[in-house]
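Scroll down for the structure; my scribbles are underneath it.
Labels A, B and C are assigned to the chains in the order they are written; within every chain, residues are numbered from 1.
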Amino acid sequence: MWTFFHKLGSPPWLYAIAGAILRWLVPITLVALVGGMVWGLLLTSPDFRQGNSYRIIYIHVPAAVVALAGYYVMAIAGAISLIWRMKMADVVMKAAAPVGAALTFIALLTGAIWGKPTWGTWWVWDARITSMLILLFLYLGVVALYEAFDNKEAAGKACAVLSLVGMVNIPIIYKSVDWWYSLHQPASIKFSGESTIDPSMLYPLLLMIAAFYALFTCCLLMNMRAELLQRESRTQWVKKIAGKEGRR
Amino acid sequence: MSAPHTGQFCALLLRRQLLLAMRRPIEMGNPLLFFTMVIVLFPLGLGPAPDKLAIFAPGVLWITALLSNLLTSDAVFRSDFDDGSLEQLVLAPQPLFLSALAYILAHWLTTGLLLALVSPIFALMLNLPVSALGTLIVSLLLGTAVLSLLGGIGAALTVGLKRGGVLISLLILPLYLPVLIFGTAAVQAAVTGTPSGPYLAILGAMLSLAIALAPLAIAAGLRISIDA
Amino acid sequence: MSSSAAGAPLLAAQSLSLVRGGRELFCELSVEVHGGQLWQIEGSNGAGKTSLMRILCGLSRYGFEGEVLRSVTPLYLGHQPAVKALLSPRENLQWHVSGEGLYSNEQIDTALARVGLCGYEDVPSHTLSAGQHRRVNLARLFLSEARLWLLDEPFTAIDKQGVDETQALLASHVDGGGAVVMTSHQPLQVTCNVHTLNLVHGVVS
């Protein structure tokens, strides 16, 4: 157990193991993504109320789910970095922030595109959309804070504190926004909260959610490898890798 | 000589911060002036119709209070960082999170408290019913204390950065939203005659949570900023 | 390394290494500071003197390899004087954020008189010069009961007479069993033995 932790702290080992995982995970992710999209976009029947426009949930919902999970990945990595002073946790956190921000942005964009045919407007101050927008700000805050520090080690610690503060606040913000929306909800817009989803539509959705988790992990690992190379650019093992790649 | 015990030290810090604020009264007046100016912008932008203003008054008052708090948060630790006092505070053989709490309390006493006390004047100018004034003051008292604590986190994380001023808004405005939502809702409830107690209770709960956790985050942020 | 003084060291640094901007400032640096010793850290600009001082006093907690053990709470004076312009010298010392002690007016007056600020006790500090700000800061040395002093460039902006007086104070602190670690570009003229730590060449006694 302890040797495993010890290895986690070693950049070359982490770099190698991330590479080994990616070799398997990237093909699996691609197959799941393509499979889920073909299933969801082509093979399921159209919704009786929304027609074909509902199919955007196969992008929108997985992006939203994983974007939120990504924040927790980032915050937990931040906690590990603060408590056990593990430098590699900083790398995970730094790598997770832009991926999470991108997924949040995708969720917002697809939400807006979905809103146009469904509600007749690009943007509705719906509780979920508003919460996603705030999540995007929280992600961007972490990214901006990291970039503002010259000392990258201090940047990692500061972002760890900020993401932990964000983690405590996310449930409060979500509940507040939910509650705020129920107070101001106009009668004309009712989100189809009570309608249940048909299994034939649900299974491809679950596949897409799994595929997005895999995609997030792929991006995270790739980002981590890049960050590791940059941080350790003066060490022997990076020079060795650079030399190998250079000869190829 | 005897080293001060923790309570004494916090009282001493509080007194020091308050005295520093008193010696620069204009710094204390600035957020209030800002509050006034922004309030004036709303009738000019939205039109002077009294009934329309009354509808927007709770939101306008709260957004303005939030902005003027944001404006002053950046300065909580700034001058102490610049002249080296913050280094000494971090090294002091005293729990840093309590010292941070003393700083935040001083900040709230010189901004939030004053703002809450003068807010009825502007509420009346915006045509808010007199019956809602009590709720407005209480909600501002509770809410601005939460804002000061959250703002302290942003200030602690950005105090070492030269261009921290804009960054701090990005960091802490999302965290301010629950306070804005429930603060406005409390005043709105008082305007419509429904009980505002539950909203104030939620603001109180937020304040309790913030008092318990924010000082720890501020202390961690200060140590990091000093190190960078 | 000399270990003439008996007992546990007040400050022990074990194999400190620091890399800044790709340059190794010091590597595997070990030093033990005992009561009765005065250490001067030498090195050209950018050699890492201030970085080392900040590691020794505990302000820098990561970004370096190695370990620092402090058996007493040190008194650290950094580059900035930590003097509030809006407070008078007396108030500055009375309510100092270091939380080191509560001092009576007499103690503070004596300390301020020792650094040549007699008559300036109650004027606002913003009317004082930069050198006088540094002197207010140095007055803490007369008040403090800390055994270990960590002083980063204490003579900056201090006139010749002030430097002489401060050096005499350092010597008497060391003679009384205290320890001083300081950085300075000037050679020290003190009565006690000076240990030198040169950041370029390693430890020289």
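Everything below uses one rule, namely that contacts are C-beta pairs under 8 Å (C-beta built on N, C-alpha and C of every residue); 3 or more make two chains touch, one makes a residue touch a chain.
No experiment lies behind these values; they were computed from the predicted model shown.
Note: the chain lying farthest from subunit C is A, by mean C-alpha position.
Among the chains in view, B has its Cα centre nearest the centre of the complete protein Cα set. Look at where the CA atoms of subunit A average out and do the same for subunit C: the two points lie 49 Å apart. If you average the Cα atoms of subunit A and of subunit B, the two centres end up 32 Å apart.
Subunit C has its Cα centroid 37 Å from the Cα centroid of subunit B.
Shared contact sites, meaning residues of subunit A that touch two or more other chains, fall at 151, 154, 157. Residue positions of subunit C with contacts to 2 or more other chains are 62-63. In subunit B, the residues that touch at least two other chains are 227. Taken in their complex, subunit A has these residues touching subunit B: 82, 134, 137-138, 140-141, 144-145, 148-151, 154-155, 157-158, 161-162, 164-166, 168-169, 172-173, 175-177, 179-180, 183. Looking at the complex, you find that subunit C touches subunit A at residues 22, 62-63. Across the complex, subunit A is touched by residues 153, 157-158, 160-161, 163-164, 167, 170-171, 173-175, 177-178, 181-182, 185, 206, 209, 213, 217, 220-221, 224-225, 227-228 of subunit B.
Against subunit B, the residues of subunit C that register as touching in their complex are 57-63, 73-74, 76, 78-87, 91, 95-103, 107, 143, 145. For subunit A in complex with subunit C, the touching residues are 85, 151, 153-154, 157, 234.
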